[in-house]
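Note that chain A is present in both complexes that follow, paired respectively with chain B and with chain C.
Right after this comes the complex of A and B.
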């Protein structure tokens, strides 16, 4: 019966993010917030493990302004309790700062755990940092890019999606696992379930509660500017018979790929 | 000598007493069966049952006794009518004999005498022929024509054999009686007389009498046995369908309206959550009665578009599987999905077109059961990617496509250029034109909205649009079973509409039409909602809209489910087409009006895939092509998209144009 901690980041919905027409900076104030996709896969996987082997699923979310409703969605998916750390200093947090904050919350609120599940990356920054850094802080093994996971007694077996294939590894627990989008399809809790999840414990913590100061959360890297890529389409129009068109199009694609067929 | 009924003739004295003695165990089995069956359904008291039946007596008379819907299908209807009236007449005949012999005779009176008796003999002989003719039709349909929707099961054949035996042996008995004991009035029993002449005259009396006694007892025992097994056999539909009609018809919602199981704004968050059903134990006795009344006739299956398209769904199978589950010892508590009884895909394949409801001769609503099972599945949230995406899009962006505000804005700017004003700019507008997501976000759908706008502007209708404040009505959420998200959208829309004091709405989407008109009432908003076919029809009739460029095309119309069958608008779209197509012709497809065949997009099925071997849209498009029409007219933006795809797939997109009725009218302005 493994106890699982799932780290969930709330991000802006990047698919809906529109760059400012002149500055090209993303217009964050208009953007909608959501749970980062990969992290929902992590929650789903945790809940499936619980459904199969028992145990407890704890959701932890840190950020500048964590929204309770979104956390409740995770609870509605089947997690048992949630801890939130909201602090404005996390607005600039990078993977290092986030891992530090998450670790502090986990140590305070849920010190007994067997697995920490994270999304392999976040929807907004895509840095692939937080999970491995968390494992370093706790000094436990970590397995990343997992798209299939089996949890046994004090041991786990994971299928990692690596460049040219799948690597199957196993390690002892406790461990940190980061998962990709392919591992499952996260369930969509119905609105009734989300409402019912109000009964589940959700606790807000402060920096003080978890023994952190603002200085601890200084990012290692400094973001200078975020800008949208401006790409021009080539707008090439081919005309002629269908068979010839296909041929022309294929040629162009091959040329674009550097001539490799 | 006065003609009189000679009951128990040719039988030894005391046979009447013996017969009643033999009847007792059969009667007990019958009564036990009825009580068991009602108990199993969960009927708590006779009072409750009678109360419910009483409320539906009118429906029972119309659809039960008069069989209004049974006869709507010709061959099957005639067959059933013959057997039905035959059995009833023979039953009344036997009852009269009982009254005559066992009540009146004891009191020294007789009923079956004189002219009345002669009439009695004649009528019963006629009805017996009707009965046998009906059975002959039954045999023809099942065993010669092999109608695909008729299923052969042992119990059905046994019921047929029993009925056939009773009918034939009755005539044989009559014939032997008339041979051994001829009477001057034998001619009134014309069938018996004929059989007698053909087979029995000149045969010795002694063995004939013995034969008579043997057949008489077998006739009686088979009849008793069939009565005894009524509650346990398919013939039990005699009672279960009548009961279903009486109990369920009065409480059925209008087509297109789903049950509102809770109000999300009034819901106690700590209350237990239950929605739909996953096991029969969760159904009330009235719903179970609906299952029990299914006779396996297969009309719903024959009408079901999802079935025709080779999806796993057959509404008849759903009903029959659940019905059998009712009678299995542990059937009530079993989870229908976990046990493998129902495949989730069966439930997802339903397009909510309501053809099964229209088809059912005994007013059962297979679709209601399907949608309630959907609700149970959706409640758990274990949906596939496409369903999840659609619902997420609804919650997040207020439309099922997942487009953000800027797309919507872009289109409303286009409309503004045409001269369409928003309600903000024109607060005193009489109508709000509610465009609907399919015509706001989809490129082809946008053309429909522009045509509608062009017509409304041209006719000088006082209207405005909501602009970016318009969001999805919630229809796809409700029909995929996500009641909570539906209500969230509905309540938000209702607040907007109330705030702006909107009273009258024009829509070009049948799904918006149905939701705004029928579903929002449960949440406190009564609107006058008009489909664009109704508005345009009115404009043409009153002369406010004049068409100057008559078309000369051959046009056929696809009735959309949610405007046609579900909301009874058939006349207006045809009138519009004919008004615009003055120099052309109008043709009907083989299935039209109330019997129209769904395009395959309804009930949110547009938003996900179900495993299948064919497509509803392609099947329907073939029907349109068969008419030889040059234009397939539609009245729904989803039908438009479905057929446009189907036309591309089947390669008829050059020869058959697909146009909304508004586009047809706009062209002839």
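Right after this comes the complex of A and C.
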């Protein structure tokens, strides 16, 4: 009966994000927020393990302003309880600060865990740091890039995708596991599950509650600037009758395919 | 200034060392877990490396924790200003643990590292790959995993090789088996022509249209993430995008790909981009040189016929 902690980050919806036309900075204030994609795969996997082997699923989320509504989505998917830590200093957080905050919440809220599950990277930062850093903090093994997971008695077996193929690995629990998109399809909670989630425990913790100060969360790596990439393309658009378009398409392909035949 | 470069495989160490040259370091030391051939040693020398430190392969075989622990001991001994590790998947997870262990400022998957006013500055893609973040790394050592491509390599004086076994324990992960991909490997990164497919195709069988076009012009087949990920119509190694391959062909033909930022980051360095999509407002339109608003199922058979005639096959 494993006790599972799932770390869920709330990020801006990068798919909807538009850069400022002049400064090229992302217009974050207009952006929608969502649970980071891979983290929902982590929640789904945790709930599946619970459905099979029992145990408990605890969701942990830290950030500058964690939204309860989004945390409730994870509870509706089947997690049992949630702990959140909101502090403005986390707006500048790097991987070190995020891991420190998460570890402090986990130590306070669910100190006797067997597995920590995370998305392999976040939608916004794409840094691949949280899982390995948490494992280092707790001095336990970690397995990243997992697309299939089996949890046994004090041991786990995982299939992880690396460049050379799929590595089938095993390690003892407690352990940290990071997952990607391929491991599962996160469930869409039913209305009944959403209603049930309203009654599940969701606790707001303060820095003080978890024994941290603002200084502890100072980033080691400091972001100086974020700017949209600009590509220079001809942007010629062709519309019209498909027979004519096919002719033009063939011409363009031949013109740019180089000398080979 | 001393720079330590490392990587999972010899060619990755060489690539990273060649990249480190751009920083004009006083000394470059390389660390590796795998043995180097004589030729690889000469390439490492050509990249300006004076010394190669060989860490026993058992550390790499025991997983990221042991690899990071061994590298941390080496960093403490050498005291470099900057540590660059090639950003293979294993390299990135090792670097995450190493940064935590050393309490060092760390940028992951950086595509550039420069000297800043204070310390080093790394550039990396964020927010789905459509944005560049400039990150200041003010610690000694500063740490970055680097996703850089191989530049011109040359042979040079072979560096001295030293063994380093810190005799340190760390939580282990056991590899039971490695399942190699079944198909022959494709090297999309080196392809000069790529035909790439996306969700505009409705069934797996329909990809034969793209395959016929690719065969006709001698292109490799690539795809966006849903095709290899959710749908599994093609192998993962054909996935072009943020978490897949980054390609730079002379010609990139995007068929039925809407152009989510995560895909664009993988093909942005293509010299010429031709796209076919039914939606005139898809993001791919502004990322293309030539954008054809058309139904794939109608335009492709016609185009293939015309190409067959014109190319004489």
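Quick note on the criterion: the second predicted complex is superposed on the first by the 230 of 261 C-alpha atoms of A that agree within 3 Å, B and C clash if a C-alpha of one lies under 4 Å from a C-alpha of the other, contacts with A are read in each partner's own complex, and residues count from 1 in each chain.
The definition used in the following text is that contacts are C-beta pairs under 8 Å (C-beta built on N, C-alpha and C of every residue); 3 or more make two chains touch, one makes a residue touch a chain.
Note that this is a predicted model, so its numbers are computed, not measured.
**Student:** Is A:34 in contact with chain B, with chain C, with both, or with neither (first, second, both, neither)?
**Tutor:** first
**Student:** Please indicate which partner A:163 is in contact with in the superposed arrangement: first for chain B, second for chain C, both, or neither.
**Tutor:** second
**Student:** Per the contact definition in the header, classify A:45: touching chain B only (first), chain C only (second), both, or neither.
**Tutor:** Once the two structures are laid over each other on A, A:45 reaches no partner at all.
**Student:** Compare chain B and chain C by how many residues of chain A each one touches, and report the one with more.
**Tutor:** Per-residue touch count on chain A favours C.
**Student:** Applying the touch criterion given at the start, work out whether A:114 contacts chain B, chain C, both or neither, answering first, second, both or neither.
**Tutor:** neither
**Student:** Who does A:87 touch here: chain B (first), chain C (second), both, or neither?
**Tutor:** Neither chain B nor chain C is touched by A:87.
**Student:** With the two complexes superposed on chain A, say which partner A:141 touches: chain B (first), chain C (second), both, or neither.
**Tutor:** second
**Student:** Just to be sure I read the superposition right, which of the two partners does A:225 touch: chain B = first, chain C = second, or both, or neither?
**Tutor:** second
**Student:** Overlap the chain B and chain C contact sets on chain A and report the shared residues.
**Tutor:** Residues common to the chain A contacts of chain C and of chain B are 185, listed in rising order.
**Student:** Which part of chain A faces chain B closely enough to touch in the complex?
**Tutor:** Checking each residue of chain A against chain B gives 13, 16, 18, 32, 34, 76-77, 185-196, 198-199.
**Student:** Provide the residue numbers of chain C that touch chain A in the complex, in ascending order.
**Tutor:** 63-65, 68, 88-90, 92-94, 96-97, 99-101, 103-109, 121-122, 125-139, 171-181, 192-193, 217-219, 225, 229-230, 236, 242-243, 250-251, 253, 260-261, 264, 268, 271-274, 276, 280, 285-295, 298-299, 302-303, 306-307, 310-313
**Student:** Quick one: in the complex, what on chain B touches chain A?
**Tutor:** Of all residues in chain B, those touching chain A are 264, 267, 269-270, 273, 275, 378-385, 387-388, 391-392, 396-397, 404, 406, 482-485, 487-488.
**Student:** Would you mind writing out the residues of chain A in touch with chain C in their complex?
**Tutor:** Chain A residues touching chain C: 12, 14-15, 17, 19, 26, 94-96, 99, 121, 123-129, 131-133, 135-137, 139-145, 157, 159, 161-172, 175, 180-182, 185, 220-229, 231, 233-239, 242-243, 245-250, 252-254, 256-258, 260-261.
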